[in-house]
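The following pair of complexes shares a single chain, chain A, combined with chain B in the former and chain C in the latter.
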Partner chain A sequence: MKEGAKYKMERFLKDSVIHILLIMVSITCLFPLLWMVGSSLKTQQTIFSDMSLFPRNPMWGNFYSAWTKGGFNMYFINSLFYTITVVSGIVIISSLAAFAFSRLKFPGKNIFFYMFLAAMMIPLPGSFVPLYVLMTKLHLVNTRIGYILCMINVGLPLSIYLLKTFFDKMPVELEDAARMDGCSRLGIWWNVALPLARPAIAVVVIFNSLNVWNEYKLATLIFSTKSLMPLQRGLMIFQGTHITEYPLLMAGMTITALPIIVVYLLMQRHIVKGITASAIVG
Partner chain B sequence: MSSSFIVFLSVFLVSCGQEAREKPLVKSIKVWHWMSDREDAFLELAKRYETEKGIKVDLELYAPSDAYTQKVRAAAQTNTLPDIFGVLGVKRDFASFVKSNYVYDLTEEMNRDNGAWKNKLFAKALAVNEFEQDNSFGVKPGIYGAPIDVTNIQMLYNKDLLEAVGVNKPPKTWKDLIEVTRKLRAKGMQGLVSGWGETWMIDCFASNYAFNIMGKDKILDTIRGKVSYADPDWVKVFDLFREMRDEGALASGIVTMVNKTAEQIFANNRAAFAFNGSWCVNVYKGMNPNLNYGAMLPPEVSDKYPMAIWGGAGSSFMVNKQSKDIQASVDFLKWLTDAPQQVFLSKETQGLPSNKYSLKDMPMALSQFANAMDNATHPNVWGVSESPIVIEAFDKGIQSIIIGEKTPEQLAREVQAVKEREMAKNQ
Partner chain C sequence: MNNMRAKAVLQNYLFILPAVLIFSIFYIYPFYKVFTLSLCQWDGIAQFDFAKTFIGFRNFIELFQDKIWWGAMMQAGYITLIALTFQNALALMLALACDRDIKGGNIYRVIFYLPPVLSEVVVGLVWKWIYDGNYGLLNYWLTSAGLSSLVTDWLSNPKTALTCVAIIHCWKGFGWGFIIFLAGLQTIPRQLYEAAKVDGASGWQMFKNVTMPLMVPVFILVSILTVLGTMQVFVLILSMTNGGPGYHTEVPVTRILESMVGSSRFGYACSQGVMFGAALLAISFVQIKLSKYMKQA
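Now for the complex of A and B:
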């Protein structure tokens, strides 16, 4: 009886410490978001004097001003288009490539795979100038297709790595069974590998969506026409060399963060599964 | 699966096919800039130029400045620079663009009609875009850029806080400044605030006083290695920071403070003095339109040499030497730096115009900044430049003095040791 009470006490203390830690981590994650929303409701003057998280007189009009002044109508549609096309492209190409690296035998397989891995080590700004030179030579500067191809290229290495790791752990028996049912290699990829890889694909989708949605520097390099720019271009309007319109910037950031939060919430279940993927395959 | 894939592919290809290649109907020039806070004013001026001259000005904004710099560098490598652009960074970068034949020499245009264009611009602003005879960069002497605005860095004082301690006019001498900060301290108010976490601002402040204490020639001789940083005059410069620390004249946390925070503190009446650039007029207007303040030269320590402040061209435009219509680009820059356009830009952005004949109807603080342009200097126009490693040791050492880790004498010896090491490397 005494030991039972001691065990309960130990368990209670352990749980309390874990929960306190988790609450602290949650607060540190949520505070910047709350601060962003709170600041989006202040004025340019009160943002520097009113230190409260939510102002007494919220300026809801800031969201409308940010949307119109930032030209979000056009940029929002552009970003949506780039995110959908780039992420779709990455999922299709990386899953095909990862399946090939995992299941097929061909000369130079490992070299090609390591080359993809090596590409992960090069930070995007490091490849700006060569990319721009290449795009210019291919006459793809200031075109949507040029930007989309570059962004697919940026997202491929990590996605291939994630999916290959997943496919490596897929039981060979499943593939054999599908082949006996008359599936071609492409059929196995589509009917067996992809449905099983759903959690890993969810991770690929969320990582790349976030990357494309928030990308701006490459867009600045590739595009010179305003109407082709992504959403982040709208936010730049509020950041001057010396002056920043913080309330409008924060309102704009709240607007741009919302879609990605929704995508994350929708895929949350798969992402958790994807991260612990090895336990799920088969 | 296949039908949805075909639909997706069709939408993708149709959308991507809509390339943005505009066919110009009228004569046009392309300008790349990075000044997002001036975008609206530039667009308005472009509209006016098209109405007046029938030439379309395509303005393309790329911000922030590091993204702009990447874009300009990449475009230079593919020979796709626009007709007009800006080169950001140190003078060495500017020189490399000139030497690579990307920048048109404006000297002849500036000097035409007895220097009509050149004479209406602040000489200090032009100097930043100028390469002199036998410059260390190996660039053919000439003026390679047109300044569109100017800036300088001075001290600001809060009139209300000074009045609260019985001071009716800003301090003229260092002694007065220390006296005022004592009074402020006695009433629990902060003295000087500045973004000295950004070390270049410390460098700027120290440089101002070095000019005042020892004069330009001795500073340049120090950079050339002919005068030691352990010289008593340099110790005197470092000692000013020790004195400010001991007198409690500095705002708390100044050593790690970024300028944005410093601006916020001054704008909210939480410090009596600030050390900031002329752009602050616009910043303070946004933060606190009722702020009652003025600009002043840093109070003098000595009357031996004049006080110098950092200043010169704020932003400049260059004409692409490979442009198909160089004259159209030059004409636009001439028009942009004309008085009416400069007055408009100044009013819209609360900045100092590069045209010295357009200083009308300015806010008081801005005109005080404008009046000090004669005192402006900048390391980019000195003709010699200090090693970045020595500058780092100098600036960080001053931070150490402020937090009480080093004495002025100790810092002077340390900076000299770094200087000697750097000079030995280059021999």
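Now for the complex of A and C:
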């Protein structure tokens, strides 16, 4: 009996130490974000003197000013547009290819599939230089379609891999039944494979949405017109020109980060799946 | 019959056609071009191919003597070293803590993965503001704590700038390592721990003899991905220091971009890309070899 009590005590102490460590790291994770939101509610006068986390008189008007004056409404709509178009493009194109790699027969199938796999493992950081040259030649620089195509390309390999492994595990019987009923291959892809692959598609959608929303490098290379730029790019432009207007900058950053945080909190299970899957390929 | 089968195979190709087409144009063609362009001198403006001059390996010879380039490589290496040790040790420690049946483990997981989902621009700008020399929170706290001797302009001081950026890189990255480590730990069968406990193994012995050997593949994976990811750090640098002060926080990708956009030397930029890519592949290769050696030992 005494032994048990001692064991319990030890366990309790150990757990407490672990909790303190975990809570400290959690605070380190959350604090900068709270500081960002808090600062976005201060005024230009108080931001340098008021060091409290949340000001007593929150200036919600800062968000309105950033939205209209900083052009964040334009950037926001652009980001939303790019995210939706790129992700739908990726889902359609990669699921078609993954379906073929998993179910259909044609010569050279493996070569094509390994080509996509290899792209995920071989780093070539300088390839954006010729990519830019190519885009110029094709008159795709500073166009929405050029950026969308580039971003679809970025997301393809991993999405094809994820969907192919999912299709491989799916039972063939349903598809056979559909084939008996005279369904074409395209019909099977649309009516049978896609609906069944919903969990995998959810991972692809969320993972790519985060990627597109947060993308910066290609947006810098491709866009020179402000009205075409996504949020991340707009945010950098804004901080360059309004370097001293910290409350507005912080409001803009909150506007940029908030959708991601909300989506993350709602979908975190799928996101974690995507992370582990993507790491296992690489 | 034969004709119909041929038609069916052709139709099968149509399924992968869009993917292959986009991939060939936006990945394979630039990939090939980076090598050929790296042997040319070209300002990128002249559209005609005869404006490119073939100069052999002169770009590479110049690159070998480019002190700023090697400085950038070293600085990226420094950030990577900190990420490999500090960030991954922290990630592993937290994963071990959450792998026990601890209360609220799920909440911690959600919080730790928050920094990795944020964009590098947002992360960089928030921390730039906290580090700010005049109005930053860090200096304010240091002064309030009576440590005003430590107060400095963190991101403009050549002595502190790189380490400050490296720390933020770890802040953003440890949650990612944590998730992978945790996923790896959860695949270890519980019976193994129970068996070890029955045999009277201490916590440290269990970690050393049960956890460690089974986690080797995960360690390799995380370390390779950490190197590849950290060496190519770029947006965080851009939003925090833009390579300054001087060249103290320049990294390879900022140098490639500078050659391309800043000084319009597209050929030179490509040679930097090729050398950097080769270096990354070589490091990954060494890591894989090392890990195989360690597995046998």
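Criterion: the second predicted complex is superposed on the first by the 194 of 282 C-alpha atoms of A that agree within 3 Å, B and C clash if a C-alpha of one lies under 4 Å from a C-alpha of the other, contacts with A are read in each partner's own complex, and residues count from 1 in each chain.
We take it that contacts are C-beta pairs under 8 Å (C-beta built on N, C-alpha and C of every residue); 3 or more make two chains touch, one makes a residue touch a chain.
Being a predicted model, the structure only gives us computed values, none of them experimental.
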item: Partner chain(s) touched by A:181 [first = chain B, second = chain C, both, neither]; value: neither
item: Partner chain(s) touched by A:239 [first = chain B, second = chain C, both, neither]; value: both
item: Partner chain(s) touched by A:132 [first = chain B, second = chain C, both, neither]; value: both
item: Partner chain in contact with A:48 - chain B first, chain C second, else both or neither; value: both
item: Contacts of A:101 with chain B and chain C, given as first, second, both or neither; value: second
item: Which superposed partner A:217 touches (first chain B, second chain C, both, neither); value: both
item: Partner chain(s) touched by A:168 [first = chain B, second = chain C, both, neither]; value: neither
item: Partner contacting more residues of chain A (chain B vs chain C); value: C
item: Touching partner for A:10 - first (chain B), second (chain C), both, neither; value: neither
item: Partner chain in contact with A:88 - chain B first, chain C second, else both or neither; value: first
item: Chain A residues contacted in one complex by chain B, in the other by chain C; value: 48, 125, 128-129, 132-133, 136-137, 216-217, 236, 239
item: Chain A - residues contacting chain B, complex; value: 44-45, 48-49, 81, 85, 88, 125, 128-129, 132-133, 136-137, 141-145, 148, 190, 216-217, 220-221, 223-228, 236-243, 245
item: Partner chain A, residues of chain B touching it in the complex; value: 1, 8, 12, 15-16, 18-22, 34-39, 60-65, 67-68, 70-71, 73-75, 77-78, 80, 264, 267-268, 277, 279-280, 282-283, 286-289
item: Footprint of chain A on chain C - complex, ascending; value: 9, 11-13, 15-16, 18-20, 22-23, 25-31, 33-34, 37-38, 44, 47, 90, 93-94, 97-98, 100, 102-104, 108-115, 117-123, 125-127, 129-130, 134-135, 137, 140, 171, 175-176, 179-180, 183, 221-222, 224-225, 228, 232, 234-235, 238-239, 252-253, 256, 260, 266, 269-270, 272-274, 276-277, 280-281
item: Residue numbers on chain A that touch chain C, as the complex places them; value: 15, 18-19, 21-22, 25-26, 28-30, 32-33, 35-36, 39, 47-48, 51, 92-94, 96-97, 99-101, 104-107, 112, 115-116, 119, 122-134, 136-137, 149-150, 152-153, 156-157, 160, 185, 189, 210, 213-214, 216-217, 232, 235-236, 239, 246, 249-250, 253, 256-257, 260-261, 264-265, 268, 271-272, 275-276, 279-280, 282
